[in-house]
Amino acid sequence: MINVTVWNENRHEQNNPVVREVYPEGIHGAISSFLQEEGYNTKTAILDEPEHGLTDAVLEETDVLIWWGHLAHNEVDDVVVKKVQKRVLDGMGLIVLHSGHFSKIFKTLMGTSCDLKWREADEKERLWVVAPSHPIVEGIGEYIELEKEEMYGENFDIPAPEELIFTSWFEGGEVFRSGCTYTRGNGKVFYFRPGHETYPTYYNKDIQRVIVNAVKWAQPVQRNLPVYGNAKPLEKIAVKVN
Amino acid sequence: MINVTVWNENRHEQNNPVVREVYPEGIHGAISSFLQEEGYNTKTAILDEPEHGLTDAVLEETDVLIWWGHLAHNEVDDVVVKKVQKRVLDGMGLIVLHSGHFSKIFKTLMGTSCDLKWREADEKERLWVVAPSHPIVEGIGEYIELEKEEMYGENFDIPAPEELIFTSWFEGGEVFRSGCTYTRGNGKVFYFRPGHETYPTYYNKDIQRVIVNAVKWAQPVQRNLPVYGNAKPLEKIAVKVN
Amino acid sequence: MINVTVWNENRHEQNNPVVREVYPEGIHGAISSFLQEEGYNTKTAILDEPEHGLTDAVLEETDVLIWWGHLAHNEVDDVVVKKVQKRVLDGMGLIVLHSGHFSKIFKTLMGTSCDLKWREADEKERLWVVAPSHPIVEGIGEYIELEKEEMYGENFDIPAPEELIFTSWFEGGEVFRSGCTYTRGNGKVFYFRPGHETYPTYYNKDIQRVIVNAVKWAQPVQRNLPVYGNAKPLEKIAVKVN
Amino acid sequence: MINVTVWNENRHEQNNPVVREVYPEGIHGAISSFLQEEGYNTKTAILDEPEHGLTDAVLEETDVLIWWGHLAHNEVDDVVVKKVQKRVLDGMGLIVLHSGHFSKIFKTLMGTSCDLKWREADEKERLWVVAPSHPIVEGIGEYIELEKEEMYGENFDIPAPEELIFTSWFEGGEVFRSGCTYTRGNGKVFYFRPGHETYPTYYNKDIQRVIVNAVKWAQPVQRNLPVYGNAKPLEKIAVKVN
């Protein structure tokens, strides 16, 4: 049983009736719902809860954390960011969605600005699979089509992905590396582009399937953590005369 | 249920009493045995069978193929090599062990000479994990120690691994990239160094665990194969006046 | 001084007046010309010459080989392919252009089918830079635009590029990994997509700049080749009692 | 002409007579000296200077920054760290040496703990080349041998290197990824392990050659920086009726 915590900023849902209509239970509610149907043990957490809902106990029990944020990245407490980073390095999986590219946690793990081009123009997005053997694309066709989405365009200021899974085509003339995996410490990170708050993207069956697959892929590997610091020699080192 | 075919050249076992004593059921028998205990559906195939035991029917039913060869790489029929390559590109996993680095199938998939340094001197090998988040090292400590093995040393003439999982230390002064993953087409490839025929390496519980994990990792992803060739436009292309 | 050999199949130029008009000196002539202007020492070679113009002497003197082929991949002698592969492994750079994706030498070095989608429909191509720190994009803007080109679309059946430099957007709805680097042995390989024979692509200043940069990047590193085979221990190995 | 700034903490040299004897001009002085002989335009900067010697003007003029620190990572001002990160993202090369693995700037760019095993026991280190085609190993043999060095051992908690150039063998039984490249934004990063303060490592001709090569490799690519933010469509997007 994989324990998933779905974190959402949950501000658009409060401020924007359009978003509330699309996601009456919040983006976290929508994502949590289809993950539960797949048999995952899910929990949600939002910005306005104490410690943003990410207490030590919650983080400790989380195998994979999903992150959606946009308006209020700066309101996320640096202490919580450090704790999440620590948990990723200790093995927790992290799936960063859409505008989460600019979250503190993603920028901290990447070391870059994570900046990009964007445009809100109801454009068609087509996410082409470029890693056909990857478990994240199980059950997915050659591409996923979204009739309307926000455009994100290159250059996307990220480290070269360890695995590039999807590349998006946009109607207006741009491309984007829209599915990217990284390893950080003992943990795995997946960035997945789609999911602008005004579109029903997280109800799309292919998008759901990718997130379901990504959770499975990102779950921690069971093994002892590495030991660091001053080490005894494993082999006999010849005595040296200086 | 994952279907594994364990292919072995099976010549050392015929020609060398030392090897026969270590592996009375052949290297293929030893590997097949611990894979069965893990619940995999296993089959074996050897060089001296018709079509080397790798008929179309066998290949078609194989999810993951394991390959051990050494003395007789040149006796492997090019037609069979082409078929195995095709199956890997279509999704079959391939695990190449030890002296299989010089097999036709591995060289064909890598595009390089796959040459290396070697020495038979009963040396200690220590395989250090350098990809702690990878499913192939689940249950494995910081390193695997083998009291005696053949040395393989750098330069190992392979393409840069997509993921480097293990790096070996040898008593005599060399290092070696001893666990390397690649993707080819819709299939996954794992090269794993240990397993010289005169040592009981494939009875080592850590080595077995790595191979068990690798089979799980290398199994095909369930999705339709990509379509190639002349394609209709997905979008309306503006008429152009030349 | 870098020695570049520009290899061209040179069949379209003979058979198709449109191509002859675009490239009166042949594609090899056009490429050779702008490389000379950059101060490289260039030579050309074509399919219909003895040994396809790639004698041992020519290969030995070549630092970087450029390859354009399309109609007659199968007419390229396997012996020449093996020699080119050997030279790449020994350090010669190789730049494969456009339909060269299906050449024997590229498929041999990649280990995959190198298949793709294609369409001839006078489409706009926009090659986006996704590796802004790479020397191959020196002097290049955020993208290169080609008013009309043949479309190549994903899935492109290649190993995951070691460095992905460009990704193409096409008017008809596809994307393509259009600038890819690999290392093979002591040599470097760059695949660069543009250059359909009926368009004046190789007169485009940005395309020329990329090829000029790629030649510089692909030149051999000056060092002794690695030594393979049976190796003496570098360290004293403890005597072991069996 | 490449402008190199060699930054050194310069504390061991003040506190430890052994180090002062090995590096009477400081580690920065020794490194600066051999870089000058190669024709680079060098400058030095140390922790105890105002702004650690890394003023806006200095950073702006620096093509490649070399970093050596150990005892006083925490004394490096976060404001300076941010500025250095910004300059790397804008194209400045960064070469991090030895105990600089734990510097704020390296950890910030990597996103991981950058922790490792270590031991001071006068061990032999042998750095094996595992990327024979890389310009950083030009003129270098199959390995570099250092008679005595501090041991650094795996697990090294870094993101998987984009290119792994060297792997070290240590007498006491460990291995280490000792030459690693990364790209971050428009800049390139090279981590190079050797150089414990009590050994004359930076006088070793091979070590000098690697650093000389790395500076050349890490120099900025000349092109305009990418533009981010709200973008106009490059193509005409069809009007959609909601």
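For clarity, chains are labelled A, B, C and D in written order, and residue numbers in each chain start from 1.
Operating definition for what follows: contacts are C-beta pairs under 8 Å (C-beta built on N, C-alpha and C of every residue); 3 or more make two chains touch, one makes a residue touch a chain.
Keep in mind it's a predicted model, so treat the numbers as computed, not measured.
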Q | chain D against chain C, contact positions shared by both copies (same if over half, else different) | A | same
Q: Using mean C-alpha positions as chain centres, tell me how far chain A is from chain D in Å, no decimals.
A: 30
Q. Roughly how many whole angstrom separate the Cα centroids of chain C and chain D?
A. 32
Q: Please compute the C-alpha centroid of chain A, do the same for chain C, then give the distance between them in whole Å.
A: 36
**Q.** Multi-partner residues of chain A (at least 2 other chains)
**A.** 126, 129, 131-132, 142, 153-155, 160, 162-163, 171, 173-174, 183, 185, 226-227, 234-235
Q. What graph shape do the protein chains here make by touch: line, ring, star, complete or other?
A. complete
Q: Over in the complex, which chain D residues touch chain A? Could you list them?
A: 85, 89, 108-113, 115-119, 121-123, 148, 151, 153-155, 157, 159-160, 162, 171-174, 182-185, 226-235, 237-238, 240, 242
Q | Complex contact set, residues of chain C against chain D | A | 91, 124, 126, 129, 131-135, 137-142, 162-163, 171, 183, 185-188, 220-227, 234-235
Q. Taking the complex as given, what residues does chain B use to touch chain D?
A. 126, 128-132, 142, 153-156, 160, 163-164, 167-170, 173-175, 177
